[in-house]
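Both complexes below contain chain A, partnered by chain B and then by chain C.
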Partner chain A sequence: MAGPAPGPTATPPGIGARLGRLGIMLFPALLLFLVAFGPLVTPFSATAFDPAATLRPPGPTYLLGTDEFGRDLFSRIVAGAQPTLLPALASTFIGILFGTATGLAAGFLGGRRDEVIMRAMDVLLSFPALILAMLIIATLGANMVTLVFAIGFVFWPRSARLIRSAAMELARHEFVDAARARGEGTAYIMFREILPNMWGIIVVDFTLRFASAVLLVASLSYLGIGVSPPTPAWGLLVKEGQPLLQLAPWVVIFPCIVIAVVSVGSVMFGEVIRRRLTLPDRRILA
Partner chain B sequence: MVNFVVRRLAFMVVILVGVSFLTFLIVNVLPGDVATTILGDFASPEQVEALRERLDLDRPVLQRYAEWAAGMVGGDFGVSLKSNQPIGPILWNRLANSLVLAAMGMAVAIPIGIALGVVTAVHRDSLLDRAITATVVVIFALPEYVTGLALIIVFSLEWNLLPASSLVLPGQSLWANPMTLILPVAVVALGMLAYLCQVTRASMIAALNSGYVRTAVLKGLTRRRIVVTHALRNAMIPTLAEIGLGFGYSLGGLVVIETVFSYPGIGQFLVQSIQNRDIPGLQAGVLVVAAAYGIGNLVADVGSLALNPRLRS
Partner chain C sequence: MTGAPGHNLRVEGLSIAYGSGPRTLHAVRDVSFTIARGEAYGLIGESGSGKTTVAFALLNYLRGGVIRGGTIEVAGEDVLAMAPAALRDFRGNRAAMVYQDPMSSLNPAIIVGEQIAEALRRHRGLDRRAAWERAVDLLALVDLPGPAALARRHPHQLSGGQQQRVVIALALSCEPDLLILDEPTTGLDTTTQAVVLDLIGELRQRVRASILFISHNLGVVAETCERIGVLYAGELVEEGPCATVVSRPGHPYTAGLLRSMPRADRAAALRPIPGSLPDLTRPPAGCIFADRCEVASAACREGRPGVRRLAGDHLARCLFPERVADLPAGDAGPLARAQGPAPDDAAASLPKLAIEGLGVTFRQRRGLPLIGRLEETRALDGVSLAVPRGQTLAVVGESGSGKSTLARSVVGLIAAERGGLRFEDKALAPRAAGREPDLLRRIQIIFQNPDGALNPQRRVLDIVGRPLRLYGRAPAAAIPARVEELLALVRLGARFAARFPHELSGGEKQRVNIARVLAADPELIVCDEPTSALDISVQAGVLNQLRELQAESGLTYLFISHDLAVVRTISDTVAVLYLGRVVETGPTATVFAGPHHPYTDSLLAALPEVGRPRRPAVAVPPLPGGTGRGCLFAPRCPQRIPGTCDRLVPPLAATGDGRLMACHVPLAGLAEAQRARDAGGRD
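This part shows the complex of A and B:
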């Protein structure tokens, strides 16, 4: 019998795979363009009603059709990149910032302090991500700032756990002993010796975390939590369109396709970065 | 082993106390007055004062927390602000409905997910592996409502085979119309099996590359025996832990899935509590979900311990 192949069987990627990877690398540029210039390139207003053009199917004038108020769906989707992707980006940044600081401190300081910090993180980890974010937004009030804060808060313990284990590993290296022997202080060793060695992990954590932030923002806005009409956030477009599913399926289908492409694209971009920086697989849900 | 279970249970109690305190704290201490949040900015000072009194907001936080927590332990979940009914009975009914959804989804997802994971690991890098892995990655990356709406469009609107909503009328049982359960269960199962397939594939590949599998190959055992008894049994240990995690994860996903299909579960209960600004309902719901999440993880930990003789001592 042909037993399972021992060891990795890496074959050089073909031209198709390379083109695919190039496309994935260009993906963030596309998202940035949409966020930066989206509202400037929309052919119609994303929010103004047009009673003369309600529920038009996709066609030459209204590329993706219009909704029940006559708003052009294409314009709404393009304009919706900002309220969907900016909160995702900002909250990832906040979560990683706090997670890195906490994880670094816990992993490097160790002992009692590590124990206390990580038990507190465990409490935060006992909520499913979406539900913790819902709880925070519901109590602090639904707006963009609480949305960003809530998702950042959800990411904080998840990122802290990852960075902590990296910091513990790095703290064992000789260059840390050397810095101690030179008489460097704790803060110097943490930020000038250990942190610079973790950028790879932090970048990978950021890209994969961003993908899950997009998913969370899209889910929360679909539930109508954190953003309110007439903001054209993509999840909200789907929520508002769902009652019209039978009558005008395009108002649901196109936002869904865009959400699908951006979610899958972000995950794949994160994976490409992870492979580039050759880090081991990590638990997907962690 | 008994020792471990006891320690793990004690840890869970500690976590639940922390979770309940955090839930209580978020609602009661953070900036902004709860009464004002509930009533909105246009409420008169008298209305706010009346609600503050009803919620006992003027007494010390710790005292209120102690009473609330004691009530929860004794099964008293408080009174809904929306309906003025006790929260407990509604919540248990919703939780039971959600557990039905999660359990049926997992019953479909576990065998299929593990089977796909084994097949892709054994035929690693083949066309079949690439096709399955790519599909699974895409499904896993999609929000649940995109999958759910895609199924609705195909099975309800195009082919008219299955109902698009699981709305249960008051007084009606969830089982009055079992056809309505199929689509939500399918969405739960798809997400779970996508995840389990990836986890099983990774742990199977690790197992197939191990020394004991090489020994088994050199001993001339049959391929089937190597894959099933040698590799899969070991690969199941990490997978089982992931099933527990996946169960908790599906509780989060249920919020979205139940909203898509108007399914009367605990996720929909949470969303409705938020929409109605029913803070006691929200607190009780979140705590119950966190407890279910914790129990899922506990069962997974104990399960992997039972499977792994090395950890038993």
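This part shows the complex of A and C:
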């Protein structure tokens, strides 16, 4: 009376799903390639003007068209990966590093120390992300290093909150009590007992923040803070193209699509990694 | 509801599988049973037996599982053939299920009366007023005090026993044809469990439902149900009237279960069932129990044995039910107690652990952080106990008695504010962090939840090897070999070293925990309910293991438990804790022989045990609200002396037979009262 069983274990993943997963796994490799070699592989110069080919629509020669100075948009996007993604990656790394350390300490130590740390984080959290980043850059000067630290700083309290709640949950487990009763030190319990159970969360947090860092770098460069023309950072491409939105929409639309694809792709990659990293049976956090 | 003749619930040849392909798990195979209207049927099984799967199948609510064959009829209607709308009505209106954890069935944000009234409005079409009145009636039906006021409370304002009674009222609200109780008392204290069991026994006569009572506890089922079925690895191996199955089991598995059950009424050695559950992705062709059976022969492995009728309605799926009677009785032979080193040095005459006037108060801040009001709870209040070297002191009590706080204070996880701890001649710092490494090593703890105590990201090799490294018990190169030895000591093969905790069964996990503790080469092991999360047949193995280790190497145990039967089996001396105070302590045999402290007496009376009638439970009044004057047990005590017990704290005084007891009533008075009550109970 009953046919083959339904449910997640019943059917092996189809060819489409497998190809999709492969694509998602290859995605960061492509981004890394662009960051490392992008400026070397562009078909045209990303910065040189060509008065003979201004505002060309997408076509066989200029794949994504050209801007008002005749610069090839495809080349500018490829070359723009580095000034957009490198600061995003670096700032995410810094934010997560500080956030994890702070959240782990607050969540595990608890009590008064937790209160003090987290109220300080709340103060930082009360500033809108973009305003806080602009404030820091305005104070310390607009350069690449400040930009990276400003965005990392913005992420710090957000990441700390997440990691703290995970650490609090994990600290309640008896294997932590067992370690304490054995006389293990605080650092051992934090980094050897608790941290390994949080990798899944950290990876997901990293990819989500990376996506938001790409947008932040783009927004800041759109506002003219951080990277300046003629660097083809993606945010700058959107900004420079904006006046031409009606005349030559491709100048704005393609950079926007690329930003969106990178953001979504990074989140999907994080999900795949999380599933690989934390087998369901070994996962004790949802 | 027309009076359906004969059976109200009929299950025929039920088979359920999970998954597909070669990994298909055949969870339930060819299970048949019937329950008449007004009858209570007990379904007994350990974890992995498929008992909960059967329960969900009765509601046609299997998540992930597929019914491979069989029929389920309730009041003559085929549950498996119902259309979605009919099924919804069936589940809401005609079948009801009560789970182990009452809070999983109650919405914490809605007052309990409304939760019942809502079901009545939805399924019975009552208007608001009528539904509310009926809800209050139902709360009265389940013996809840002050039902009208109680109906306006939120679930968290009720005790666990009251919550479970609310859930039962909810289940009865639509006068179901089928009431499924899935381990309804497993999460409750013994005395609360007794109240709920009495209620279920009483309801059986009043409601006309078929009751399916699922439990792992034979004692609980034996007193509630007329007939029981024993489920093993997805097959019903035995079925019959309760009294018969329990006294003359017809299947070796049932006999094995009975022999692995510790008892509170006598000290008996346990015989665990050897082996473990078969792999249900490839169920054997022969008898499902053959691999673990002590009387199996070649014929048992050739084909699946048919059902044999032993007498009347006593059935067993066994080729040789007559051999069951020849199985050795529940006696593995008395264990030789290690003599221990001769008391030639001064330390030997000292107790291994002395607990001196220990006091722990928990403070919780209400309202705002940092400046809110502090609320105090006394978890331990002047507890003094001594654990002699090489012996076992058991600490018993219900939840909230402070027994786990005591265990955690001894290993330094909770810092005591008053009193002190002494290990041989050395004072122990309140916190583990303040103790010297060698003392930490000599005192180890085994936790209740074998799962939670193992880090899921670590292999067994790292888990068991860690104390060796931490305390420098073995050079790095020798650790794998030493871990192998330790695993062998707890009867786990070397292959377990490479496994992760999730690849182990509950019993194996607890053995890994024990191996880790042994790696430290300890002298005192604090066991905090080490077997309460385990199946009975597995528990017997772990308890025997602990006793053997003690006999071999003279270990000292501080054994925390809520289970009086386990305590009787394992301990030399026992201390009974009530709301953070010791009410009675002494040699185990003397304490169990009585006359008992009124609290100990209520615990023993509430204990459901096979072949021993339980006295009707006394409803448990709510805990006293922090007046802290007089005897804490006085509000619940049947022998209370008015004017004395509620004013003066009874001192813990010698009774003359080797015990200490904190009670104003003299021993002779207690003996008199308990004798009179027992005599009355027999009439």
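The rule is short, and it goes like this: the second predicted complex is superposed on the first by the 240 of 286 C-alpha atoms of A that agree within 3 Å, B and C clash if a C-alpha of one lies under 4 Å from a C-alpha of the other, contacts with A are read in each partner's own complex, and residues count from 1 in each chain.
The criterion applied here is as follows: a contact is a pair of C-beta atoms (placed from the backbone, for glycine too) under 8 Å apart; a residue touches a chain by one contact, two chains touch by 3 or more.
This one's a predicted model, so the numbers in the text were calculated from it and none came from an experiment.
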When the two structures are laid over each other on chain A, which of chain B and chain C touches more residues of chain A?
B
After lining up the shared chain so the two structures overlap, which partner does A:225 touch, if you call chain B first and chain C second: first, second, both or neither?
first
Going by the contact rule set out at the top, does A:113 touch chain B (first), chain C (second), both, or neither?
neither
Looking at the overlay, what does A:245 touch: chain B (first), chain C (second), both, or neither?
first
So, A:123: does it touch chain B (first), chain C (second), both, or neither?
first
Does the superposition put A:178 against chain B (first), chain C (second), both, or neither?
second
Which residues form the common part of the chain A surface touched by chain B and by chain C?
1, 4-7, 9, 281, 283-284
Quick check on the complex: what are the chain B residues that touch chain A?
14-16, 18-19, 22-23, 26-27, 30-32, 34, 37, 122, 124-125, 137-138, 140-146, 149-150, 152-153, 157, 164, 195, 198-199, 202, 208-209, 213-214, 217, 222-223, 226, 231, 242, 245-246, 248-249, 251-253, 255-256, 259-260, 270-271, 273-275, 277, 279, 282, 286, 289-290, 293-294
Residue ranges of chain A touching chain B (in the complex, touch as defined)
1, 3-7, 9, 11, 119-120, 122-124, 126-131, 134-141, 211, 215, 218-219, 222-225, 235, 238, 242, 245-246, 249, 252-253, 256, 259-260, 263-264, 266-268, 281, 283-285
Residue set of chain A touching chain C in the complex reads 1-2, 4-7, 9-10, 112, 115, 173-175, 177-178, 180-184, 193, 196-197, 279, 281-284
Along chain C, where are the residues that touch chain A in the complex?
17-20, 23-24, 64, 66-69, 369-370, 408, 411-413, 432-433, 435, 437, 440-441, 444-445, 447-449, 452-458, 466-467, 470, 500-503, 516, 520
